[in-house]
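I have placed the structure first, in the form of structure tokens, so that the comments after it can refer back to it.
Note that the chains take the letters A, B, C, D and E in the order they are written out, and that residue 1 is the start of every chain.
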């Protein structure tokens, strides 16, 4: 049985994503949020259900992470934004290593539609298997990318992404929301017993964000894995608390 | 000796295919059949000889599958429909994992004629070997695909697919039927001691389907592995029973 | 020491090849010879020194093969004729598996001149090593193929193929004969202590075939590995006996 | 905990780089500095905190290196300057081998932006893991290279390189300095708990070099990994001592 | 410590190369020298310090080689001359196998400048490591080849080749001599503690050859690895003795 309660409380979750340093570079950061300790503090005070790091940060800031008691999710693959063409993101950390670092879950990104799709699907297979053998949750970022998906319906791609997550054995599927609640509901249905969380994406107006959070929860999602909208905010805890209220309907 | 009786009764079989979620996306589904539990119910009540799932569904719905007592076939490879060009479908589940999930057979797709053909042939080799060592049946989807086969005779390709299945060690070969009973008979002959089952394909008029089922059985096939024609039907059990009567000539 | 006597009698051999089902498809077959049992019967009654099968047939018809007492040669790689461009033929059966199936020798094809040449050469290395460790003979089909060899001298390519076989450790080298006895003699010399057998190729007039068999033996070859000229013949045993007389000069 | 004191004294370091023989060829050398013994002498007398060699030199000159007591850093990958196109530098020595040779740290180059980036990132993962398991420091040369990065901001690339080092688990990140102290400071911040050292690069005027050393230290870097500016100098120890004074502010 | 005395006498060596059968085909041979036994006889009577064979010949003629007492060098990679484009030569024999065959040294070719350079460099790494662990000498053929090196200075490439050999851990580096003694001297210096031997190349006038042998020795090389100039000669032992006198200055 999948132990969702490692990351979900009452079926809902709010995860803090901080893998942007590898994916986008420090261009996303300022003097405060460039520091992983600042992020760990937000995660702790904001009572996040999990925090996402690459191996390097999970290792060098391990004592701070452990002290915070925020559940650790180690992102197992990644790539820079520099290389052009269809993306491929390869494994940069093992499941065993993630366990040693204290992770309760591992993350992996699959760019569906990329001509390298099958490489990531296959690499994911081993990770999923080893993670489940060791009782870890598996979160899969599934994003349509590459020449093949240009111009295709975002609604269909979102539902397809959700379904792929279920078929290949993800426990939690992280999707990019197309903004249409009905489409998201269909994606959640397509994911079956797997849970759906939505990616926060670029920083947006607070009101718009909270409207979206509501839509996300109402569509049946488990919650969000959010980064820039929180740690680029002037008051990360304020926005966190507002989201928590929407998610857990307190 | 190949234990065909794990999936065949009196030399015949009717298998329920449900790997379309990965191969085509939820576009094939509606609110009912998007749910694997609905499918498992059909398989159980329709007395299917086997049901085909990807690892993710076989894992998350394992208790429902086991309760149904329908023999489980785990599909070991797959791909999305998004990537253009010659197809490659790589292994997404191990034989060991399939055994743990309770499978009596494993499935694997080979796209012959694809420039990636040799990758799939070689991956299949290991699967076939490990499956036979553990007493599992091996079902091979063999579909001609890619630039190299365009315009080639469908009859010859169908027979070639059947023969390849025999040569590389498949127990059951799943083919796409070209609609000519004589050609199918030759394909069955070419498959030697390996059994041939025909893929259901897109949903068709019920009468036409039943005519084809009769042709398939008369050509010497073991039966069908069918999905959309059943679970997209308004009355899946009715069509199932009609097919059963044709197959087992009751 | 290489145990040539597993396949050679008095230094000569006549091998029955039946790997065409994978390489060319059932287009080479009729209602009789499509059936491996028909072939096994020919091999037995014709007293062939060995019979060549892919894993699938060696496995499914294993009891018939064992009963026939014809020495089994398992072909370890193969490909379809569908894919265009420079050919690559990858391993589809292990040496261990061949041993389990009762093989006394293994076969492997290398397409020299193909841009994938090095893949096959390297795959062959492991097979050769493991086969010799286990006392099996190694037969190497060495055929020039691909863009790079177009227009090159067939005589030189034939001798080169023979020499490559010796250099990489083949025991028996299967060549395509260019029709010139002097060139074949030089190829045999180039093969050193490795034995040369000639491929039968497409079906030919019986007289022409027997003239060629004589040339082949006189050039110092160990014999032939022949298929279509035998099992496509109306009287396979008659042509077999005629060839045997030429080869063993009875 | 990372044992930086294996290479840093009071948080600062001066490393002697000598992997140019593989990367550029002997064109960088003269009759003196072509000889590794000459370099080892400089490292010893100049009290360098570490010396960088490829496996071949670390092995053939091992007794000289050990006698010198200069900490050994084995560079684990490398390539020639001959091949055109996006660079890839593959592993040419294992961590185990480096340990046997007496290394306290291993080095690895990643060319970010190269279309082969993911190959190096993935190879690095295993090295990082094994090195840390064995208590070795990991130094990562991270240089933007290839078509994708042409024309991009050097400041942003430098900070991105630093951040990537942190994210993937480097202990010490070797960067190419763009000449702007403010940008370098931001790169150091982006590297978090990982240390930054600057590559010496081509030989420059002594005064300019010392100005840069000051900037480097003031920006928060741990120091330099320098080669040609030292061993191409007429007085390697003089320039070394001048740099040491700037770095340790004596 | 490298045990050079396995192949060098008083610091000098004369090796007999016979890997041309794979690299060029039997076009290099006549009725005499096509036979490995003829070559072994030359090696024995000419008191060669080593003889170079591919696995196939080392295996099939092993008793003759052992009887001759000429030290055996097994060439571990190779390729045909048929494939166009940048060359890649892959491993065709393991170090373990070479040891079993009685080798005191192993050989490996790296085509620097080829776009496949990194494949050979990486394959070499494992061979070098395993050979040294087992006390075998490692000889590296390093030849600039491919589009990238066209038009480049032969002198610089020769020195670069020598240096690469040292950096990656070769004990003996086999180079193609550009004909300029000064350049060769610089290459020898660049090789440091690794020894340099020169490839014989195509057959030349005897006088010119002996002049070159003198230049080679005077430049500090350990000697030659020579084939065609010896076994294509009408009197292989005469030319051998003349070379020996120049090399050992008797």
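Just so it is clear, contacts are C-beta pairs under 8 Å (C-beta built on N, C-alpha and C of every residue); 3 or more make two chains touch, one makes a residue touch a chain.
What you are looking at is a predicted structure, and each value in this text was computed from that prediction instead of being measured.
A.B. asks: Mind listing the chains that sit against subunit A and also against subunit E?
C.D. replies: Common contact partners of subunit A and subunit E, which must touch each of the two, are D.
A.B. asks: Fitting the CA atoms of subunit B to subunit C, what rotation angle results, rounded to the nearest 5 degrees?
C.D. replies: A turn of 70 degrees brings the C-alpha atoms of subunit B onto subunit C.
A.B. asks: Just curious, how far off is subunit B from subunit A if you go by their C-alpha centres, in Å?
C.D. replies: Distance between chain centres: 34 Å.
A.B. asks: Taking the mean of the CA coordinates per chain, how far is subunit B from subunit E in Å?
C.D. replies: Once rounded, the distance between the two centres reads 56 Å.
A.B. asks: So which stretches of subunit A touch two or more other chains?
C.D. replies: Not one residue in subunit A touches at least two other chains.
A.B. asks: Considering only which chains touch which, how would you classify the arrangement: line, ring, star, complete or other?
C.D. replies: Topology of the interface graph: a ring, with each chain touching two neighbours.
A.B. asks: Write down the ring's chain sequence, where subunit A leads and subunit D follows directly.
C.D. replies: A, D, E, C, B
A.B. asks: Help me check something: in the complex, which residues belonging to subunit C touch subunit B?
C.D. replies: 19, 21-22, 25-27, 29, 31, 34-36, 54-57, 59-61, 78-80, 82-85, 88-94, 97
A.B. asks: Name, in rising order, each residue of subunit D that touches subunit A in their complex.
C.D. replies: Against subunit A, subunit D makes touches at 2, 112-115, 117-118, 121-122, 124-125, 128-129, 132, 144, 146-149, 152, 156, 159-160, 162-170, 186, 189-190, 192-194.
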